[in-house]
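Notes follow the structure.
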């Protein structure tokens, strides 16, 4: 985490500086070139093969997995006429999702949720031109396999459509990839809610904190994706054309649903923290009250016992603890103790500090929408 | 809940994928075809009957109850020329309320509150064309019976008007269906307020939490409905025309009233939580203070009693507890205890820790608008 | 409160349904018909008299007190050509203040604060046409008496002006009617502030809660009035003309002042709640600390006393409590107790737990703007 | 405060009602009439002198100190053709700062901070025409002396410029007059921060409360001034012309700086309150923990001592407290006590409740930007 | 800090007043004059040399280090035709970052983070004309060395471009200079998070407070920089031309990233404070509960021991403590104590107050995205 945070070109570097990352994957370049009727899929080693493909096919999708070879990225930049600043953003993995229009292409940055690995994000950059789509990923493995399958099988209108529809299909896969993650968080929120209501263990606190932090990050990941898709819809670029907008609008709705869910979970989590604190203090209060009552009752009794434990000599004078030799002294002392103890118990009950059983639940209003309680 | 959350097509599926839901109801299709003078109402089994109806009548309302047969939905999509994405939204029950304009129809999604069942929502999708209204519901039973009655009896201008007025009437019924729910929550908020002020039982906490959560969900249900109706008003679609806008404006006012009420209840509920915590701590403080005072008074007394319970031999020297044999020893010890105890009581009263009766309420300012207090 | 909340037409009713309210007042209709030079004021029983008046006078103000007779309201709707939805809003007392433009009139809803009765609001509806103003109130008694007096006496420009100036004058009276209420709340906030700072009694909590709730409601009452007046200013209706706008702008300023005051009081009240909690815990801490110190000092002393109260037989061996027969045993025990007690007192002082008098106020910075403290 | 709050005309009064304030100062009218080359300054008694001055000089500044004579204000209104509503605002001292354009003049209301007196505000109203500036203040004494000096000495471009530049110069002086106040609050915030961190005395609470309230009021004073200046810049009045806009822009920047500072102080103050509460509870916890440990150790010891203080007769049977006559009874009892006591101490240390010295500060990360700590 | 805050011209001073600061550095003026092919770099003493340079070279960058000589600043103002207000802002070090367009130049104020010194900001002012860039800094030392190097070496397009590109390069260096600072805060936040979760020491509180304050200030520093760059992009000044906008857009993205990071850290820090308080109270509760349990068990036992320590004379009557002489008296008393003690222990366990080991972590749901726990 810390290491990654620190990989930026130093302040004052010329724009478009591509900083090498020693740990980055070697790029693997895979091409899907297709038209309505045919499709060619292969891995290419030499970038020179590209020009032929671009001329021969209506749409060419070039998928670069791994950013470890800056030369390849620079060459691709030259072939497609890409701006140095955009290339810098491809390599520099701190970008917020965004869409930037250039003269003859659109540059899109998005963040893909890892499908199977633990909480992880991968930056996916796209250059969308009239006849090509160029995508960069940090490492192999992505949410695009179903899209590739659709391309190969020619399912739906993906092979009939232009490169912008392909870009939409990939963005849609990226966005929808957040739903399974939110489902898992939804389950977790419900589990924690049950746990907090059942018994407030202290180890719930760091877990609620982690949950809150994760949801915050999730929101921060999804929010700019919404803006990015909105920008694509509003923009009047010749590359992203009208018929695709209705699909992007659907994609936009999905980001709004994701944000809605995240917001709901965030609110519930914040409420759980309060609930936890309140439950902890309720439980503590219960223990304290018991001590308080026991102590308050026994303190005067103990004092009486201590009193008659004093060693004053009853023989020294008739005023000196004559009770000790009084035949009914002991029963009197016990009776005094019982009287004081019972008096305190009654006082506590009268003040409502003990023994008031909580008012029975049936005379309380039911929550609207609650299924009727069985009697 | 969890099951429902997970019913989405996998990320990367082609748009317009209709995912079958095994638990969905079999569709029942009911048609209301009407003009100013006549009305025909029937259930249809074959979709081919539709075309005749659509031609013969000024307005045709097709109400599909149950989404269990994807073929029926697909056929309806073909008959009315509906977009695949909209059909996907009909089946996928996670939509936010929204209104989307297409070339010759408007697609509306709304959420209907269940009338009699416990807290439940049902997604209602509408396609509004020039001469038809197509509505989809999840299951039988809805808030539309009064509207159907108006259609049958020809009450008001509903039979004179176009399909857009019918759509308004249904939306209005959906929106107004939230009022009884909010009334019930209003009663609950007042009941809980009374309960919190009367005595802060711990079981109020999960109930306040549930109430807060419900109100949050309610707000999230109503908020996009407001936007949806606003979009219908602002849109200049040939399908939803000017004369109906004044009715939608009324409907919009109702959503604003609903949101206002929800906001009020949310605020009060948040305040109740604070009030509860404060009342709990007040009550606990009262108990603790009593113990504190009792303990602080008896601790020194007990010490004195313990002192004269020591077994030093007064015969060993004149310095060894001569008080024990002193004729006034016991009265002196009792007097000492009384002095210490009374001294502490006076000290506590002086510091205002006990015995200050709360200042009588009459010398406090009355709340403005409070009815004058009887003396 | 609850009863009132429930008086709505059922969901699905046709728009414009006038629901009868059995408890509503019988309407009393009073007319002010006037021009620059003359004025006629009377109560009318038959609505047919109206047409003559409307023709004869430049401006006619029809004031309906009480909504108990739906026929009268329907007839007025026909005479002035009012929309059914607007009439429904007149009768249905849940409206937010608003201004809606119709073809030849404006429909205005506002909420009037009760002048002398306890906290209460009354819905006032107005229809403003070129030559008439039609106002509906729930019950007799209002803030308009000074306006009526101006009409009768012809003070100011009210008789020279059109109906829109009269509408402004009434709205201005409604808005300004909130100032006395806010003054009373201002006094209450200051009283509660004094009370909280002086001594935090538990009964302050429900009062702060009620105050917060009232201020919240007040804000919700005033806020839409601001929007309503703003809508009147921005609208370019032929009925509400330019020269009156400068007056409405003044009225708008008043609503902003009202909101400013309400906001201030709300902030202070929220601060008072925190202040109360902090003061309660300060006071409790003080009591607890005293107990803590007393208990911590006497517990070891009591232990020593208990030690020498043990009944081991000193005669059994020289190791068995020889102190009891030691001539200096008792003074030694007392000395030991004194040493332990004093040691603890010094330890507490050293740790700053007791006896540190609070640092004297003179070496603390004065609050800016505070009058210099007398020495 | 309360008295002032209540001085408003009653609701329903005609607009433009000038309510007399018995405590208002008698007006003193001072005129500065000037052109690039000359200046005439005098106090005038008769308003008739005005007309001559207005004709003779390029710019005339009429400064009215004191609002005690409504006749003077009415006459000025007639001479300059001022609107009744504006004159009402001059006298009614509850105005928010604002700028309102009239046909041939602008009406500006601002709030001046008192220079040397304690926390106080004075309402300053200005009417800015082509060749005149009319200013009203509540009482003598203001922040304008340096501006007057500039006029007299002809320093800067003030004598060359029009009346609008003079209005700017006065507004600038009003705005800049808040900087010294914010400086004092800045000092106070730092002092309180030191005090809270050093030792949390209870008397800090009302002071933090007062500070928060003051800063809230300050923000409410400055905020509308920003809007007012912005309105002056955006407005295209013939009176306030383009070349002055660049100066107003500078003035606007100052209001933004003021708001920035206020916001910073408010945030810090809110944080201080939390810090205070946390420090109080830390300190209380420390005391409580000490008691807890002492009590928990001595309670079992006291019990043992009590046990051997029981008076069972060892002669009655060999089971009846034979220890009392056992030669090693006393050492055994002492040893038992020591063992229990030490056991508890070790247990407490093991659980980390006592004796863990706080981890030494050097192994904690330094705050970035902190000067390196001396070792 | 305080001293600096107070250095403003007094309210009412003429605009453009340059207030001398006795502690300011003497200015050092360094010129970079360059074209695509050549570059001249030197320090100049006489401002007269400037005119020649300005004529001879396509771009001239004049860098003034130190604001201690107001004459120099005034002369530069005359040479370049700068507005007095802008010059005042150069000297007055309280400016918010901003960009103001003048006729033939743009005035830019920004805040540079100190590179190596502790937390510090330096105001950098720029005047950007067609062929010149004039920059003012408070003191020597800045983030511009890499830019100077690029100029000298002619790396990138900086020497081919106009003065606006140079201005962009400097702004970019200023903005990027905040990234290392945010990295350090990111490390600190993680360190504090670890510390809070590990053990809540009281000294974390002032550190969290300081961190929160620093992050607040940081946000306040960066926020207006974002607006400033946005203003530069939106403005259509002839000085800052279209081709540079794409670079500024990149710079804008960086400010948004900075704000995003700051926001994240602020949220986490706020959460840490709550976490700290909750951990402190958890730990305190643990200690208190132990005391409570020990005390509650021993108090009744101590009472029994005290009872049999009473000195009633068993010989006085058969009712007077016959147990003392009963052969099984002592075992009975011990048994009674054991029974009471064990009874209380069972009662506590039954209520879940002691001995319930926290439910083992394996049966709790894992956090999504958490690496699987080793068993």
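In this document, chain identifiers A, B, C, D and E correspond to the written order of the chains, with residue numbering beginning at 1 in each.
Quick note on the criterion: a contact is a pair of C-beta atoms (placed from the backbone, for glycine too) under 8 Å apart; a residue touches a chain by one contact, two chains touch by 3 or more.
Because the structure is a prediction, the values reported are computed rather than measured.
K.L.:
Do chain B and chain C, two copies of one chain sequence, contact each other through the same residue numbers, with over half in common, or through different ones?
P.N.:
The interface is built from different residue numbers on each side, given that under half of them are used by both copies.
K.L.:
Between chain C and chain E, what is the gap in Å from one C-alpha centre to the other?
P.N.:
Centre separation, chain C to chain E: 39 Å.
K.L.:
Using mean CA coordinates as chain centres, what's the gap between chain A and chain E in Å?
P.N.:
24
K.L.:
Residues touching two or more other chains, restricted to chain E: which are they?
P.N.:
Expected reply: 187, 288, 295, 299, 302, 306, 309-311, 321.
K.L.:
Which of line, ring, star, complete and other names the graph you get from chains that touch?
P.N.:
Its topology is that of a ring.
K.L.:
Could you list the chains in ring order, beginning with chain A and heading to chain B next?
P.N.:
A, B, C, D, E
K.L.:
Can you check the complex and tell me which residues of chain D touch chain C?
P.N.:
1-2, 5-6, 8-16, 83, 85, 88-89, 94-96, 98, 100, 118-120, 181, 184-185, 187-188, 191-192, 195, 199, 201-203, 205-207, 209-214, 216-217, 220, 273, 276-277, 280, 284, 286-288, 290-291, 294-295, 298-299, 301-302, 305-306, 308-311, 314, 321, 323-331, 333
K.L.:
Residues of chain C touching chain D in their complex?
P.N.:
143-147, 150, 155-156, 158, 169, 172-177, 179-180, 183, 186-187, 190, 197, 246-247, 249-250, 253, 256-257, 260, 263-264, 267-268, 271, 274-275, 278-279, 281-282, 285, 288-289, 292, 295-296, 299-300, 302-303, 306-307, 309-313, 316-317, 319-321, 351-353, 358-359, 361, 364-365, 367-371
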